[in-house]
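In this document, chain identifiers A, B, C and D correspond to the written order of the chains, with residue numbering beginning at 1 in each.
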Amino acid sequence: MASPPAASVAPDPSLLLQVVGLGKHYRGLVALADYSLDLAPRTIHGVIGPNGAGKTTLFNLLSGMVRPSTGAIHLLGVDVTHLSAYRVAQLGIARTFQNIRLFDDMSVLDNVAVAAQRHLPGSLWSAMMSTRAFREREERIRARSAELLDLVGLGDRTDRLARSLPYGDQRRLEIARAVAVGPKVLLLDEPSAGMNPSEAAELNGLIRRLRGDLGITIILVAHDIPLVMNLCDRIQVLNYGVLIADGDPATVRVDPGVISAYLGQAKHA
Amino acid sequence: MGDYFIQQVVNAVSAGSLYALMAVGLALIFSILRLINFAHGDIMMVAAYLVTFALFAGMPLPAALVFMVVGAVVIGLLMERIAYRPIRGAAEVAMLLTSFAVGQILQNGTLLVSRLAGEPVQIAFPAPDIVNGVVAFGAITVPKVNIVSLVTGAVLLTLLTVFVTRTRLGLSMHAAAEDLPAARLMGIRVNRVVATAFAISSGLAAVAGFLYASQAGQINPYLGFTPVLKAFIAAVIGGFGSLSGAVVGAYALGILEVIPTALSGIADILPPGAVPPGVHDLLTQVFPSSLGSYRDAFVFVFLILMLLFRPNGIVGGGGREEVP
Amino acid sequence: MLELRDLHVFYGNIRAVNGASLRVETGELVAIIGSNGAGKSTTLKSISGLLRPRSGAIVYDGRDISNESTDRIVALGISHCPEGRHIFGRLTVRENLILGGVQRPAAEARRDIELVEDTFPRLRDRMKQAGGTLSGGEQQMLAIARALMSKPRLLLLDEPSLGLAPIMVEHIFEVIEGLKRQGLTILLVEQNVHHALDAADRAYVMETGRITFEGAADSLRHDPRIEQSYFGL
Amino acid sequence: MSPRVAGPLLSILGLSVGLALLDASGLAFWQGLMINLAIFTILVVSLNLASGFTGVFSLGNIGFMALGAYISAILTLPLAVKSEYLPDLPSWLAGVHLDQVVGPLPVGWLAATLIAGLLVAFVALLVGAVLMRLSGHFVAVATLGFLVIVRVILFNADGFTRGSRTFSNVTPYTNLWWAWACAVLVIYAVWRLKRSQYGRAMFAQRRDRWAAQSVGISILRPRLLAFVIGAFFTAIAGSLYAHFITSFSPTVFYFDLTFRVITMLVVGGMGSVSGSVIGSVVVLALAEGLRRVEDVTLLYGLSGALLAAFFIAVIVFRPEGIMGQREISFDRLSTRLRSLRGGGGPEGPETEAP
């Protein structure tokens, strides 16, 4: 499939994230088609849709983990469409995963430190010989990581192994790790999955603080529609890889197309 | 000159048949368990010893061959039951290392038994007449063992194809290789399928071991290492996990291996005056007569290139993209 | 016929099913509905032995089968048609069907292939075609046909409408209702609520690993709690 | 002084006293065994860095050892011996003889060892830039391919290596002190590396390559770094070996040695530096013991078979090895000792999470 003409539109550097005509197909199977997004800074943007609608594919494309078949992604006017995933992260798009992906056998603190360390580079020699400069740098990385763990409410279990945490804590640790990257855009994939109602309520507050206190722009994918409705400034609905609705929560909530996408069409008797 | 090349082609094809017998066994196990069974070469080695001792004991050849195949199958089944089943589904490197250890046990065990039987480490292989000597076709002489390899390879691979495509057990094997959970939902007994795969693989290894030993003329407990590497390369070239790929890869490897040998010292083989002296010197420099001894290095460089640029082999299509 | 008592299932340390209990009577079509990640598929996988429950009982015909192997469970008459169809793409349609009946005498299973062809006429012309070349709807039919080849008394159907075009969904549900009329007991997991409730006798609604409520399909059809379970308040 | 500093210092002091006693004792067998242990420890710790930390299993490390051994052996050969022993060396190499000794310091050999390390590290950089892109068992077999290639080259580069003939006349510089000085240095460097940003990146991409990329860590760089540093240390072990054994041939550096080092690594625990030391001690002791049984009973092959069976048992019953990824922690060790002395106190393993 040739790139759609839309991809050649000049990027607008005033937008934080600009996605044009993004698409992915696997051997003829369309996972996502002609997806576009103009994301303004400090918004919380929701993406919902039934199972298999292409939400996770969208995140994989935005985070550089899957190569798009069509379209382009610009972050603050910089083309990141074909960069490696780790470069995309370094430039400011961090993410969490639907099936939590922590560094299981590392400590809670190290899970965050591994993301925070990039902002404090040091030399190989100083590390191997454990020089004073090295030790001071390590101290700063640890302090920054502990700060972020406090933010998500895990400040009291920094030394535990990540895999020993309960499920809800693992989700929050994953968010802390993503924030440690220092992202401009944070992609949250099903952050409330598997949480009980009180954990989900806390999460709600946390996401607001990420935006309010840290100024991070958030894209949220969730099946938990109440959470999305409650948090988001704007919501897009995907079905069969195609955008079927785009607007504020109140509009999307009553869109008949959205309801039938979820519950299925009523059968005609 | 023409004879020289025909000779090389015959060498390539018969080597390919031998590699095919080994590579198919390796690919069969890999396709179901994701295990690269490095002990496969040691099964070949054990089989060569079994037939040797059977012949030393005065068994007639057919009986000795049956003894060899049955023995190899039993050892293959034991190996699966004792070493591989407990770690089924473990990390692929853990499985690979286990297979190395199994190989070490087979090597050292064979050494031990052979010593106890009063034999030296290196034994002259009592190759029977059917694989001993050469057949001449005009100016071309072909070792008998090459012809036997070709025929045996063709027959066994055909039988295997029939088994895998026409019997329910064969189809079950295919199903387990393609989608293990779905195969279980059909009610397929996975343990039985895996055991069958090991039995077939070991039986093929036994035959390959016999042919390999006949070609080498000598056996020792360490002879399995090189052939299993070759079989692995063949399987990678063809596309690991696919039986037809393994066969294609095996013949490709046979041809590939002949190239450095065929080209080494090519300048001296050319009839005098066939090429201008400048070209002759160039050929001597680019393809020195020592080139043949770098054959294994050449093959491995090729393997690494294959793994990098075409990990699905020449038969496999574009692999599925890995997604988080 | 089948009863789950306080079932708990984990993936590693992730809790997927958290104390689910339900019953299926002989001849019934029971649906489990609920949004994604509620634990519906996990429930089916533990019934068919693909997953071991951490606690709780799966009682089938009066005996606990929660520790049986999958091949034993198939032999006892439970067949599971998995989500995403999982047909063997490199094998032909016919070979897929043969494998479905792998536990039964070969001749008998071969005769049944013809019966299956009558139920699924679209498969008849494609017997020699590789499964992977079928369309999504045809693959779903093959998956159901294959599951029937073991002559089950209880069929577990996981998301048969997933990813299919609306017209195909209609067709699949006609097939399911046909199977029910023939007396087959079916436990259906489905996110297409309207279709599921149209076909089912009773339904259970699952949320975050728990059964939150149940009822006759007719009474649930206009129950506001269903929409609420998907969209919240 | 905190136990974190005192512990290692005390260990080194203890080691030094032990070595001094052993050195004075004149027990040649035990001295040799201890040198062997130091060399194996370096090999295992380096392999741990390259494979245990990163999860990229390399079977080619013994190839680096072979290169290190041959390079330093060729470089240190005295001129007189060289012209006669390796007559076909190219002229730029034929004149090199790093056999100078200043006081007690064999500076020529030390320089040769460093050169060998750097050259091998460069080779590793080239090889690794290609191979570290692979994963799982494919990288294992590809690195095994590298080992085969090195072997073929050693056999065929007659002018440099004497081909399949034994390479002897290597000056015996290696002694207890040099071997253990190198070993301690390598252990220290790798142990520090584990707790640095480099180590964290290595472990992170080993555990989950997607998660690692999502926090800005590339897959290739940590792997390549570990591979190259590991190769450097392995080459040093090669030089120590060459100047300890003084004569060797390419057959030594092959699969049996590779498997021995892997056994030590897996038994000790992939990812644990202290585990590598423990694994080396345990497996070397076991192998020595079994070899003696073999010598007495004449059941040759027994020791190899039993060691391999032991290895399988470890993989089946304790796949994480003795230490897993944990390290011996002197902090907890000292608390434990104090509480033992004081009676009672909290029981706990004297290890800490990685």
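The rule we apply is simple: a contact is a pair of C-beta atoms (placed from the backbone, for glycine too) under 8 Å apart; a residue touches a chain by one contact, two chains touch by 3 or more.
Since the structure is predicted, the reported quantities are computational estimates derived from the model, not experimental observations.
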| query | Hey, how far apart are chain C and chain D in touch steps, shortest way? | reply | 2
| Most remote chain, CA-based centroid, reference being chain A | B
| said: Looking only at C-beta pairs that count as contacts, which pair of chains has more of them, A-B or A-C? | reply: A-C
| message | Can you compute the centre-to-centre distance for chain A and chain B, using the mean CA position of each chain? Integer Å is fine. | response | 49
| task | Just give me the whole-number Å value for how far the CA centre of chain A lies from that of chain C. | result | 33
| Computed distance of Cα centres, chain C from chain B, in Å | 44
| query | What are the residues of chain D that contact at least two other chains? | reply | 210
| For chain B, which residues are shared contacts with two or more other chains? | 324
| Of all the residues in chain C, which ones touch at least 2 other chains? | none
| Can you list every touching chain pair? | A-B, A-C, A-D, B-C, B-D
| Given the complex with chain D, which residues does chain A contribute to the contact? | 63-65, 84-87, 89-90, 94-95, 97, 101-107, 110, 113-115, 117-118, 120-122, 124, 127-130, 134, 138, 141, 159-161, 177-178, 180-181
| said: Under the definition above, what is the set of chain D residues touching chain B in their complex? | reply: 55, 57, 130-131, 133-134, 136-138, 140-142, 144-146, 148-149, 152-153, 155-156, 210, 255, 259, 262, 266, 298-305, 307-309, 311-312, 315-316, 319
| note | Within the complex, chain A is touched by chain D residues 189, 192-193, 195-201, 203-204, 207-208, 210-219, 225, 325, 353-354
| message | Which residues of chain C touch chain B once you look at their complex with the stated criterion? | response | 48-50, 70-71, 74-75, 79-80, 82, 86-91, 95, 98-100, 102-103, 106, 146-147, 150
| query | So in the complex, which bits of chain B are touching chain A? | reply | 320-321, 323-324
